[in-house]
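Two complexes come next, and they have one chain in common, chain A, joined by chain B in the first and chain C in the second.
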Partner chain A sequence: MHQAFLVYNRFRYLKLALLMVIAAVTAYVWHKPAGLPNGGTWLGYTLGTVGALLILWLMWLGVRKRRYRSTLGTVEGWTSAHVYLGLALLVIATLHTGFRFGLNIHTLAYALMVAVILSGIYGVYAYMRYPGLMTENRRAKALDALLGEIAELDRECRDAALTLNDEINRAVLHSSEDTQLGGSMWRQLSGHDPHCATAEALQRVQESAKHTPPALAAPTRRLVVLLNRKSELLARARKDIQYKAYMDIWLYVHVPLSFALLAALIAHIVSEFIYW
Partner chain B sequence: MAEQYKIAIVGSGPAGLSAAAHAAELGVSHVLLEASEQISNTIFRYQKGKFVMAEPSVLPLRAPLEFTAANRETVLELWNKGIKFHNVGIRYQAEVTGIEARTDGFDLRLKNGETVQAEAVVLGIGLQGNIRKLGVSGEDLPQVQYQLDDPREYDGETIIVVGAGDAGIENAVALAEQNTVIIINRKDEFDRVKEGNLNLILQHIKDGKIECYYSTQVGRMEATPDAEKPMVAVLNTANGEAHVPCDRLIARLGAIPPRRFVEACSIEFPNNDPAAVPSVSATYESNVKGLYIVGALAGYPLIKQALNQGYEVVEFILGHDLEPADEPLLREKFKNLKQRPSVTEALAMIQGNCPLLAGITTLQLREFMLDSEVRTPREGETIFAIDDYTDTFYTILDGEVQVQVHRDDHRQRITLRRGQFFGEMSLISGRRRSATVLAGPGCVLIETPRRSMTKLIKSAEPVKRVIDEVFLLRAVQSQLAPNTPVEHLTELVKSARVERFAAGAVLFQEGDDADCLQLVRSGSLTAARTLGGREVVLSYIPAGNYVGEMALLGESKRNATVRAAVATETIRLDGEAFKTLLERDATLREQVEAKYQQRLAQNVRMEDSPETGNVISFLVQQGLGEASDVLLIDEALCVRCNNCESACAETHDGTSRLNREAGPTYASVHVPTSCRHCEHPHCMKDCPPDAIHRAGNGEVYIADNCIGCGNCQRNCPYGVIQMAAKPDSKPGLLAWLLFGAGPGPGQAKKQQGKKADGGALQKHAVKCDMCRDLPGGPSCVRACPTGAAIRVSPEDFMSFTNLAG
Partner chain C sequence: MRCLLRQLTRRPKGVTQKDSDLVGDTIRIGRSTENELYLADFRVALHHATLYNRPGGAYIESGVDARVSVNGALISTARIVAGDSIWLGPYDLKVIDAPDGYDLALSVELVRPLSDDLNKLKSRTVKSLAATGMSKRRWAWIGFVAVLLLFLVLPLLGTWNEALRQTLTTVPAFSERAWLSGDFAAPHRFFAADCKTCHQVPFVRVQDAACLNCHKAVKAHADPNRFHFAAFDATRCASCHTEHQGQAQLVRSDQRFCANCHADLAQKTRNTRLLDVSDFGRGHPQFRPSLLRWREGREVVQRVSLSDHPQEQSGLTFSHAKHLDPRGVKSPKGKVVLDCARCHTLDPGSERLRPIRMTEVCAGCHLLNFDPDNPRRVVPHGDVAKVLSSLDEYYSALALKGGYDKHDAPPAVRRLPGKPLNEAQRQEALRWAQQMTARTASELIDKRSCKVCHAVTRTPGQSPSWRIAPVRLANHWLPNARFSHAKHANTACTDCHAARSSKQSSDVLLPGIGKCRECHGSGTEPTRLPSTCLTCHGFHVGKQALRASAMDTRIESNVLRR
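And now, the complex of A and B:
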């Protein structure tokens, strides 16, 4: 009763895509054009038209996804079809080229299309892999709850540091004020912060703990425990951000390149007709 | 010598004010006695700027006071002007402590010892009751207060909060921001509070932000003019007396329901239900002659109704004949009847034809009919179909209907005739229709909405009894033995009795002797067995099913422990009577045996995969046992794109009714904060304009006549109802994409809404309506790109939980 988008409707769109691919390959093998196979034969034009229409339809997902009142299928069905027909496009467009490439607008359009499809394949992989990891990493907690716990630890750290010396208090303040989550794209993707204020604070506290008078050993130890706990939670939050980034990043390639592809495709078609 | 009046009016709410103003207008000697320092204390205590609605809009206003939908301040100002204009004789701080009937009138004793005499008394004290005070010496010291308007008003004070309910906790937590707060709890734990508040207060106590005295009561309050703090609270703690100096004490102890006072005036209530109100005649007279009841206490919670009744009751007391305000509305209802009767004739006909409604008062019947519709369906027309989710109740005024109990066999029909009723099954169980009903020849029906029927059942004992009896027979017949002739069932039905179980209560334990069969009437159950020291949930049993046949058939002990998943009502059928029936009825025996085999097989499967059982117990813990349709998210598929929330906001005036991320998760099953469309919706419990309904597909929705009172939001235990104003409209997709005009699809937008006079936004309750206005079904599910968001009804729990495996 409930299935992932790849399995949608018993692989209906996988079947459709396979059918299209088989038909295209059969036609390509069977077809004996005068001269080398290319986009200019009747089969070349047919494959090209199918490919161009597919590209327009595949890009329409961006619109359908935002048409929240639409009753034209479900977004899940559209995604399923988008994935399988997008993969079929790779075969159809390749056959359309007749394996003739050069340094021209036509090959640029093809290259952009391949880049879009490859980024899409990564997207499917990310969508299958990271949701599960993310759930596991969160341990049944919402990100907000995690951040709440971190804020709570900050408060406890400040309380614990009250009886300790100024240097430690400065370190704790540094940890609670300068610790950052997220940040630049690379920082998000890397999943950790090399200059994490909390890690630095922990190091400073541990160092100064070496020459702490025995009377203050207990609160210092408590502080170390708290900062360690905070580091652990920060690591988990960063992991969460990292997984989310893995799931989002490819769209920043996939979508702009799709538009570039659209432009190149228009140039390709227009130039084809001008230089008939 | 006591003051003497023709009419004494107790309580200056809308009903009392209107009565007093009309009496003043007519020059009748009257007095309006108000316990507090201002008129309409309940409305006065609304939060500042709250918008007051004027429902029901169809009802014309016939009061001498003006009233239109406006904010609290405007409404109160209109009324204050009105009582000045009419020169109403109002006495403030005149709390009535007792009303005694004499031969020619009444003595009203006031709290200050005075007595007022009147020929007739109009009681309009509402249902809010008087605020419960500390009940110890010093309870009226100036720094002891029973309400908190704005917690930010106080800074740096030591404040004691008394009362461990939701109000006390919310006040204490809000005050703790800027003050030293001590909370006093009479018990040793916080029970009967919302889970959110419980966590909040325990966290604050743990963090040392609030000090809590458990098992403690306030002994007395003493003013200490010379000390640093103005007073000292003497507390009786478990370890003896404690003296706590403080600046302020805020007691949130709830209100004393007015019932005891009303009963002390010799007014009778129909039953012990806490929601019951006294019954009154068509002229609002109670069982005590000369003592009239109007407004919420008479069962009319809406302001406009109360204002009208105030006017009418004075007319009635003066002996005038008055066409009730609802007369034209009722006339309209009966216009389709062939006989074209007058309203009085039609009402008499109803009581003559329908034994169920014969015993109720004319006023109750008018109210009942005002909410109901008279239907004259053509012969053969479907009134409702099996599995529909409607919950209205039908009384057959004339003609007959055909009931198809069997899903597949359309020829087997039961005929119900004039005076009988149907639709009670869905009303009681809160579940889908269990049969299809078709109109027969000459069919005239009264269709009554759920709330009006529930109200009638609560206030009229005979109606409840008749419905319960019929329900028992029909439930046994349809859910247990559909093919057995009625006469075979008599003995079993005679043994039947309704049992109630609180959530978590045990119906029977594994290993118990089997002596009964339990048919679930409302709520749901889980069956579990202990395996290797751990409890494994074997099955989930929604309303309309039975349990306990296994041990009866096998003549053995119970092989599982059955618990109520939520508050549940069952019909207990005697084991011996059931066995006798099985001996007489071979077909039934076969059916029950088949179900038995099916359960055995399922139990083996479940014991094999305990994780599935764990998911079921997780879902039950989340209150899904009372859900009829719930949104779940498979976190192994959810890519956290929030398209579900965006879709919800975009299709619902910009406010998402679901919060994807909030809510608990178990294994990969996430229960987001979103409406579950409960079988017996908590939100429906107390909706003054009756704006919350259940539609044909099961969705519980809030109609446009919502007055924004927030009762449903408070009553919902799952926090899925919000109060929201309408935001501004958004630009189209292309305008946003190409020209960057305004917020784009799914992006946050400012809520502006219409401004009411005082600047407060006119907010309405909003919640999931399962996109009932969209042809394709819930947009959250249709907008999910990966198939992670799904909607599940309890019947599907078992198959859904394979997710965990």
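And now, the complex of A and C:
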């Protein structure tokens, strides 16, 4: 189960997070500060301190998961807590703001935090959805096995094309030499290659098949079958790379924004107290 | 079935072979180790094919989604005999003659080892985002450093270097402006550009001294010597006056703030004569107007609750009812119908009513004239001695001038004007003038004018022998409360003040708290105007300066001060 961290220890951290949220909301409703609610009341300072400590702790997951020898809880437990306490942070920090926003470093820190949490929510979704789809898509084979099959088909295609004309041979060579998988971030995320060499080769072979003498019809048909199969495997491999990219891309938002948030948090706290 | 397996391996020096036995009802071929014939190559499916014996020979069956060809033709099931060549992934299986005791014999050879095609394909494959060279770490550093630099380091440098600060102000996002947590209250905007006007010392909360730089005249809430509460000492200006929350928040208006002490003030101090108050709608005592009294030879202020039916002791005789008679009231110009505004006008500040002055308000009707032959001539108002002296001067002048053509006047006064008086005539004229003065004064004071409004007593033998009771009207019944008549101008005066039915000047025409509560209530009542303590009362109402010591505690900073 890729989402075992969600049910970890019978939702221990979900319960903890709910408890924190309920406590924070209750305190916020009960608290009647002088003036508008804001981060500078005693409750504001309390929620802010809890929120800042949560942010530091949540970021510590990045350290903990690299410490393979650590015995301080399991990575699964940490991830479970990371997810639920991260969601609780959204409520706690929002209450800390007292719903007062503006064009300033304080709201920037909040916005970065929201962006980090939203990307994290997407991450949880990706971890729940894509591993299953990936296994299904690859029919339980590894990506390298797919690549091996594709390479094998390349050889078969070349064998099959041996008796056919030069144009077809060039197309087959183009297919086996120039077909690319994955590529840039956008290419990986799109899951297909608009200039796929194999698709182009298939089209050229099918074009020239119209003028093929009857004697060569059988090997041509065989080549078309092989290229079609290769295209299908390529599509599957590209889908696999796409799913993997879906599972990875959010971290490229989540992690850098977390550090931007850390900087904004420092600026927020220092500026708040330097002009207390 | 029992099958002989001959594994061939080609080496540069020749072919090596290794025989082994495979036994089972069926013989499975595949990549998985649970197969009887285990072919470790990814091009082979987990369960690629199955061999089995049937009467008539051996058969091969292709697995699901696997490709098996016999003698070059893709098959799903095929009978195999010696000499057949089976392609299975990269392997070539040849059916050879089975020795005795074997149902089948196969030679297996990896004829298509992984070609360079695969390595080339792998080199053209970028199968993860990490492989594109994207780096979370790099972007994390960029984000961290950029935010810290732009929103903390740059503004901080600006606090040390004025030139830099001015430059940064042109890009507000990267100056101290980015630190502003909210709008300024309007009165503070004119100096708001410089944070240090108030935030004088870094990492120290705004000190009262910063506020008192401008707000020098602010008074204490109560005499600190008589009412010494710890809360007063611990409270900073900014505890109540919160900045950066826009206009509405600069002054606290929540009554809880006041009620904290005033709800049970008597429990907290013995020095007070104030009654407990917690909430205008439900916990406020009846109004206690301040009335002027004469006690032991001096004027004192006495507060009497409206519940105790206070009586004004103004020394006046006045009926509001008579003056507001809808049929009109007598005046020199005939009957006139009066309304409140005829006599009561707002002072220029529109808070209070202007004090009633007889000469401005009453004298239009209540003429102080005394000589029907000279109706425009009036006596001065406010001083009996001046009245008498005025009458004396008037009649003496008439007597001296002569020609006063009245039958009861003596001949000396009726003589031709300008004719000189002898001694006897002068005495006669003087006597007449004195008689007229005394008679007119008595008429004016005792009957026609003064007595109408004032309590008059007469003490023969004293000079002057009349005494007009002093007028004692408080100019403000509730001096510790703010009430704006202007704001209530949409309401008729008599909606609150029972003037139409008031016949005695002793009536206190202040409406009770119940009248206010018809419209005003505490914040929790949905149908009432929320009215907190500060709606009517002030906080800094003491006579003493606000913590005099605070004025001297100017905090000097050598860190951020420019």
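Methods note: the second predicted complex is superposed on the first by the 273 of 276 C-alpha atoms of A that agree within 3 Å, B and C clash if a C-alpha of one lies under 4 Å from a C-alpha of the other, contacts with A are read in each partner's own complex, and residues count from 1 in each chain.
The rule is short, and it goes like this: a residue touches a chain if its C-beta (ideal position, glycine included) is under 8 Å from a C-beta of that chain, and two chains touch if they have at least 3 such contacts.
Predicted model only: the values in this text are computed from it and were never measured.
**Student:** Once the structures are superposed on A, label A:140 by its partner contacts, choosing first (chain B), second (chain C), both or neither.
**Tutor:** A:140 sits against chain B and chain C alike.
**Student:** Kindly classify A:8 by the partners it touches after superposition: chain B alone (first), chain C alone (second), both, or neither?
**Tutor:** First partner only.
**Student:** Comparing chain B against chain C, which has contacts with more of the residues in chain A?
**Tutor:** C
**Student:** Considering only the touch criterion stated at the top, classify A:210 as touching first (chain B), second (chain C), both, or neither.
**Tutor:** neither
**Student:** Which partner does A:149 contact after superposing on A: first (chain B), second (chain C), both, neither?
**Tutor:** In the superposition, A:149 contacts chain C only.
**Student:** Kindly classify A:245 by the partners it touches after superposition: chain B alone (first), chain C alone (second), both, or neither?
**Tutor:** second
**Student:** Please write out, lowest number first, the residues of chain A touched by both chain B and chain C across the two complexes.
**Tutor:** Residues 140, 142-144, 155, 244, which sit in both footprints.
**Student:** Which residues of chain A touch chain B in the complex?
**Tutor:** 1-5, 8, 63, 65-71, 74-76, 78-79, 126-127, 130-132, 134-135, 138, 140, 142-144, 155, 244, 247
**Student:** Mind pulling up the chain A residues that touch chain C in the complex?
**Tutor:** 32, 34-36, 38-40, 100, 102-106, 108, 112, 139-145, 147-152, 154-155, 176-185, 187-188, 237, 240-241, 244-245, 248-249, 251-252, 255-260, 262-264, 266-267, 270-276
**Student:** Give every residue of chain B touching chain A within the complex, in rising order.
**Tutor:** 207, 634-640, 643, 646-647, 650-651, 661-666, 668, 670, 733, 745-746, 774-776, 779, 781-788, 790, 796, 799-800, 803
**Student:** Per the contact definition, I'd like the list of chain C residues that touch chain A in the complex.
**Tutor:** 42-43, 46, 65, 89-90, 112, 114-115, 117-118, 120-122, 124-132, 134, 136-137, 139-148, 151-152, 155-156, 173, 176-182, 195, 199, 202-206, 239-240, 242, 245-246, 249, 252, 254, 256-257
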